[in-house]
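Heads up, the next two complexes both have chain A, just with different partners, chain B and then chain C.
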Partner chain A sequence: MEFVVNRETLWPIVGKVIGVVERRQTLPILGNLLVKAQGQQVRFTGSDLEVEVSAECAADVSEEGETTVPARKLADICRSLEEGADIRFQTKNDRCVLTARRGRFALGVLPATDYPTMEIEQGGRGISLPENVLKRLLEKTAFAMAQQDVRYYLNGLLIEFQGEDMIAVATDGHRLARYKIRPGGDFGEGRQVIVPSKTVLELKRLLSNSEEMVELLVGAKSVRIAVGHTTMVSKLVDGRYPDYERVIPRSLEKTATLDKDELKGALSRTAILSNEKYRGVRLAFGDGVLRLLAHNPEQEEAEEEIESDYSGEAISIGFNVAYLMDVLNAIDAEKVQVQFQDADSSSIWRGRDSDDETYVVMPMRL
Partner chain B sequence: MLALVDCNNFYASCERLFRPDLEGRPIVVLSNNDGCVIARSNEAKALGVAMGAPFFKLEPRLREQLQVFSSNYALYGDLSRRVMQVLSGFAPRIEVYSIDECFLDLGGSPDPTAECLGIARTVRQWTGIPVSIGIAPTKTLAKLANRLAKQGRSPDGPVLDWSRLTEPESHLAATPVEDLWGISKRWGQRLRALGIADALALREAGPKGLRQQLGVVVERLVWELRGQSCLALEEMAPPRRQIRVSRSFGAAVTQWGGLRAAVTRFATRAGEKLRAQSLAAPALTVFIQTDPFDTSRPFYSNAITLPFVQPTQDSSALIHHAIQGAKRLWRHGNAYRKAGVLLPDLAPARLGQGDFFVDPGGAEQSAQRMATLDAINTRFGRDTLRFGSELVGIHWHRKARMISKVSTTCWTGLPWVWAT
Partner chain C sequence: MHLPRAGAFWFHAVMSSPIRILADHLVNQIAAGEVVERPASVVKELVENSLDAGCGRIEIDVEQGGVKRLRVRDDGRGIPRDQLALALSRHATSKVAELRDLEAVGTLGFRGEALPSIASVSRLTLTSRAAADADDADSAWEIGVGADGRLIPARPAAHPPGTSVDVRELFFNTPARRKFLRTEKTEFDHIHQLVRRVALAHPEIGIQLRHNGKDILSLGAAGGDERKVLDRLNALLGPDFAEQSLALEESAVDLRLHGWVMRPAFSRSQPDQQFFYVNGRMVRDKLVTHAVRQAFSDVLHHGRHPAYVLFLDTPPRLVDVNVHPAKHEVRFRESRQVHDFIYRVLHRRLSQGTLGVTTEAVPDPTPDAGPPPAQIAGRPARAFPAVGSASPPRPAEVRDSRLSYQADLAFQRPRAGARSEPSSDPEPMAPEPASAASQSMPPLGFALGQLNGVYLLAQAVDGLVLVDIHAAHERIGYERLKRSWKSGEVVRQPLLVPVPVQVAPREAELFASHAESIARLGLIVERLDAGSLVVREVPALLRQADMERMVRDLIADLAEQGRSTRLEEAIDGVLATLACHTSVRANRRLTLDEMNALLREMERVERIDQCNHGRPTWVKLAHEDLDRLFSRGR
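Moving on, here comes the complex of A and B:
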């Protein structure tokens, strides 16, 4: 195998596939990238057996072939090479030799035939939607996914197809995010898949704000996503997602509208004197005003007020500041609307007039 | 002005309390499973019994002269509580530093030596435990003063006031750095590498320079030695971060049932401790190991941590995780010598983040069940009600052949007195 590629072409490609390569692997070969030169194209592939990302670029191929090279070392070399350098890849005696200007790097290789590429599932439903729409769907919801929860089905993003709606849901049991889009077309009967959290975070990283179309192919056990010259294949989480509709309260009678940035500022300031470990802040809704209160084990206290349009019975609810901040960061609107009931009930948050988003946050006993 | 009250040879003194016949006799107390010497009376020290020495390695002739006790923590704990209670009457602010040590804030006492002599006398009279007291403006110096008092260097008997020493420098020079409060052997080596071998050299060292090389802990120590208090009295014990229950087995455990019984018991005990302190555990770690000193077999030691969906105080949940974990660690054919359960990262039980998918009714039922269990065991005695898996295959209890009676907290342990 031998080809020449410019660093400015190569670096973005390697950057895209390196993310899925774990720092510590089960199989040594998973620490490598599969490199395949064919025609006038070179394809790089990284995998952790759950999710695989491959990306290709044009190159000046003088000898077709394939091999695998250590992923991190290749990435580090690429990154630190001079801008605009042409890099020659050449396999020679169990080594892949990179030469760029006056540098020469001989990397160890493992045989490409041993590289475990993921099988492509036949069938499945195809969906196409603009890249920025998919990115937004993930940004609105991914933060609420559980990480390493014993309830393994929560460690992922639920994608539900129902009639014309494509709905993303994430929850770690403490807060829930739901966002709905209509990519066009009718999906018919409801269908749910759970995409593993690593795949979701990696995909979010890959997507840009362009309006290019992204092709999704949702199978029974895997999902395939094609974005330009990059393809991602991921296994799905084999499990049943809990009935999330049950978690979204239906009959919350009290409502307040708040300025998002004011609330964010007040939260981040009062949180300084909250318990460092639990980060609890009390939100006391009173007539025309929301008071934020926090205290810590050293008996230090913080208190701040912001304007609110609430009127009625005084209600005070404890929250984990981090959960509220995540929600506020996901909301685009300048005003947020919160629906609540009492200190023990979940509350619903969303941007004003943004019916496509729903955030549910469970209170915290303080 | 601060005072450090330290009970003299505490465990040995406790053992002697109900055995006046042992006055003047050499006493040693052994660690769990009667392994090593962990306390010595002055007489035993005079015979040359070293702290931490494995008992079986002592000369047989020496062993015969000693009065030996297995450790009896129920007794020591209760007597410690009594000592601390007496001390709390003497100062508005105290810090119970360990089972046998306590810092007192003497405020601006006009005659601290006289006051402390009174304290020592009262503690002796009311509890029967002899104490030594060191007085100084800082904790570090109080600790040093206490040591000197124990060595009999004070003109005032059991009490030594640092400020009344005529030549404090000579005492500092005679104190190796490793003997200072908070200086471990490793830190001592690093200090010695800088040419600082004794407390006087440390006091004279530049605090800022030391901070750069060894950190703020050592800098604080320098200021403390100079009489500037940097370590405040901690009146409230900080809430526990973790609970650990582990035991060495008297006889090696080779059957799964034995290990299951052991970890059940550890988890039960950990659950009782959790509830007594109103804490909840987000996860449970279980660990097991074979005998590290047995060179005839490969050493095996392993641990596993299993998280709970919600922090819990429920013994049955703890036991379930402990058994599941132990099952995964178990390797057939090994002879296990030690096991334990650790609850890390504890949080107050009343605080808490709710979870959508956990039924709050279940938590309430669990709380009621545990309250009932604890109430029965408090009223009718520990272990009246137990979890079944604890009772199957037990032969692992600790060795304690020479244990004394718990004379202060248990009716059956009351000492007998014959009058003739």
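Moving on, here comes the complex of A and C:
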């Protein structure tokens, strides 16, 4: 195998596939990237057996072939090469030799036939939607996914197709995020898949804000996402997601509208004097004003007020600041609307007039 | 011709033998099955008899692991000639006379089973000469038991005042037992271990143990001399025990706990140095073990075992020793109170550590700590001396009497306060190095500098103190976090998606009955139906923990011990991690002021002797140790 590719072409490609390669693994070949030169194209593939990303670019191929090279080392070399340098890949004697300008790097290889590529699942439903819409769907919800929870099905993003809606839901058992889009077309009967969190985070990183169309192919056990020259194939989490509709409270009577940036600023300031481990801040809703209160084990106290349009009986609710900040960062609108009941029940947060988003946050008993 | 008759006999024996009272010899053999398990149990019974006879010295001769021959000789009261035969008959004893006595047993033995049981499975000779005030004090008599269990009449013998029991060919008539004996060495090790236990509890008695004619242990009577007591500890438990252990002594109404615990930093990988005595009787009791374990929970790494020699004295009426034939287990009338007392005393002592840090007052359910329990009737004074006098002569080791700790409490200055009180000085004869300077020198001294960015060197009154900066700082931070956590209210995080836990109905029942006390720690669990629990709210600190496992572990603890400290431990674990992250790392340059501040902080903090993982935080090289390195002063 031999080909020449420019660093500026290669670097974005390697950067895309390197994300799924784990830093440590028990199977040595998973630390490598599969390199395949065919026609005037070179395709790079990285995998961790759960999710696989491959991307291709044009190259000057003088001899077709395939091999696998150490992923991190290749990425580090690419990154540190001078801009605009041409890189020649050449395999000989169990080595893949990279030459660029006056540098020469001989990398160890493993046979390409041993590389575990994911099988392509036949059938499944195809959906196409603009890249920026999909990215937005993930950004609105991914933060609420559980990380390494024993309830493995929570370590992922639920995607539900229901009628014309495509709904993403994430929860870690303490808070929940739901976002709804209408990509066009009717999906008919409800169908749920759980996408593993690593795939979601990696996909979020890969997607740009362009309006280019993304092709999704949702199978029974895997999902395939094609964006331009990049393809991602991921297994799905096999499990039943909890009935999220049940934890979204209905008929919350009290509503307050707040300025998002004001609230964010006040929260981050009062949180400085909250308990460093669970960061509890009390939100006291009063007539026309919201007071934020925090204190820590050293008996230091913080208090700040912001305006609100709330009127009614005074209610004070404790929250974990981290949960509120996550929500506020996901909301685009300038004003946030919060619906609540009392100090013990969950509340709903969303941008004003943004009914497509729903954030449920549990209070904390301070 | 023989075969059918044998078969017929068997048939006859099984199918139609009449009910009858067993012969005494057979009864004794059956009883021996309970009491005499192996040679070591024979030694135990005989040595306990010697102790009950008020002896001052015991000699034990063992041949071939005790299987061939065992002889226990004491210089106790002896047995008069006319009672020799009685001593070997079943349920004959001088230790209890009526039921009332049984409720307040002060002797080690009382069942009257040991001697006849041993006699029934060996060739036993009992030789005794009664004490001088008895009628036939001037002559010794010997009595034996034949192979058939019949007594051989008493005949004159030569013997100093006291009693010898000579046991030969143990289990010669019970081949089944004999088959289960281990090697000679193993059986002797058991005997050795047993004698060590006795020797620890009775420093006032000289003990000699010989195996195949070789001296194995030869311990002189301590006779109230604390040096000798500590020497005996070192001889039995390793050369460093006395130096690295913390002495303790505490009394409450009806309870007194004293003895030594090894500093947690010197924990062991095996639970092989755990000696607990209730009224002088070595016990292996679950309640006791649990209380000790719990007291050590915060200072010991998992998988390590504490080492201790502890004595619990309590009036005999409050403890039932008649639970187990070999008396390994006891039953306390007020088990909860005993558990809490042991836990509290140990916990407080461990909190003080070697520096004698003052603790915040532990609420005492029995506030008026009355006089220690009265000397147990009928038993000679054989308790170890009190802690204060047991101090080693090293002047700077803070192992002063309880009194001086009280003084510390008042002055918040552990060393100076204690030392300025001449009456509490344990070693008035000890050389007083630079006494004027030592008055103002704090126990950990003043910082000299930093070594390798890891250790702090400090000059103390009596030597060089080395401190692991990170470890010490970590413990300081940990204790601070724990204090603030305990003083604050419990913050709970309700769950949006509750965690279901499927358990057996009995377990759910158990959990429900403790649900209230668990809820106080912030874990709210509801019972849905017979076998399903659901976790609704969790302590905010344990937000990330696996709650299903927590619930299952809690149930397991509750089923086993009726209580659980798992939630607290998990919370402590979170706090420990937090403390670790916020403490000074290696290679951080500290100024002398910062180092001195750390030393002063260390003197104030509980459990400072070991870091959160049970490793030591500081060591001291005494002047003598340094002198030794350079061969000075010899």
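Basically, the second predicted complex is superposed on the first by the 366 of 366 C-alpha atoms of A that agree within 3 Å, B and C clash if a C-alpha of one lies under 4 Å from a C-alpha of the other, contacts with A are read in each partner's own complex, and residues count from 1 in each chain.
In the analysis below, a contact is a pair of C-beta atoms (placed from the backbone, for glycine too) under 8 Å apart; a residue touches a chain by one contact, two chains touch by 3 or more.
Not measured: the values here are computed from a predicted model.
Novice: Fit or clash for chain B plus chain C once both are placed on chain A?
Specialist: Taken together on chain A, chain C would clash with chain B, as the superposition shows.
Novice: Between chain B (first) and chain C (second), which does A:S346 come into contact with in this model arrangement: first, second, both, or neither?
Specialist: Both: A:S346 reaches chain B and chain C.
Novice: Based on the superposed arrangement, let me know which partner A:M362 touches: chain B (first), chain C (second), both, or neither?
Specialist: In the superposition, A:M362 touches chain B and chain C alike.
Novice: Name the contact category of A:L176: first (chain B only), second (chain C only), both, or neither.
Specialist: The answer is both, since A:L176 touches chain B and chain C.
Novice: With both complexes superposed on chain A, which partner does A:N320 reach: first (chain B), second (chain C), both or neither?
Specialist: Both partners.
Novice: Could you look at A:G156 and tell me whether it touches chain B, chain C, both or neither (first, second, both, neither)?
Specialist: Neither: A:G156 stays clear of chain B and chain C.
Novice: Just chain B (first), just chain C (second), both, or neither: which does A:E298 touch?
Specialist: second
Novice: Quick check for you: in the superposed arrangement, does A:P196 touch first (chain B), second (chain C), both or neither?
Specialist: The answer is neither, since A:P196 touches no partner chain.
Novice: Return first, second, both or neither, reflecting whether A:P242 touches chain B, chain C, both chains, or no partner chain.
Specialist: So A:P242 meets both chain B and chain C here.
Novice: Name the residues of chain A shared by its contacts with chain B and its contacts with chain C.
Specialist: Common interface on chain A, chain B vs chain C: 150-151, 171, 173-174, 176, 242, 247, 275, 277-278, 280, 320, 344, 346, 360, 362-366.
Novice: Touching chain C in the complex: which residues of chain A?
Specialist: Touch residues, chain A against chain C: 150-151, 154, 171, 173-176, 242, 247, 275-278, 280, 297-298, 318, 320, 344, 346, 360, 362-366.
Novice: Which stretch or stretches of chain B touch chain A in the complex?
Specialist: Those residues of chain B that touch chain A are 306-309, 347, 350-358.
Novice: For chain A, which residues count as touching chain B in their complex?
Specialist: Listed in rising order, the residues are 149-151, 171, 173-174, 176, 242, 247, 275, 277-278, 280, 320, 344, 346, 360, 362-366.
Novice: Please name which positions on chain C make contact with chain A in the complex.
Specialist: The contact residues of chain C facing chain A are 481, 484-485, 487-489, 491-497, 499, 537, 540-541, 543, 546, 548-549, 574, 578.
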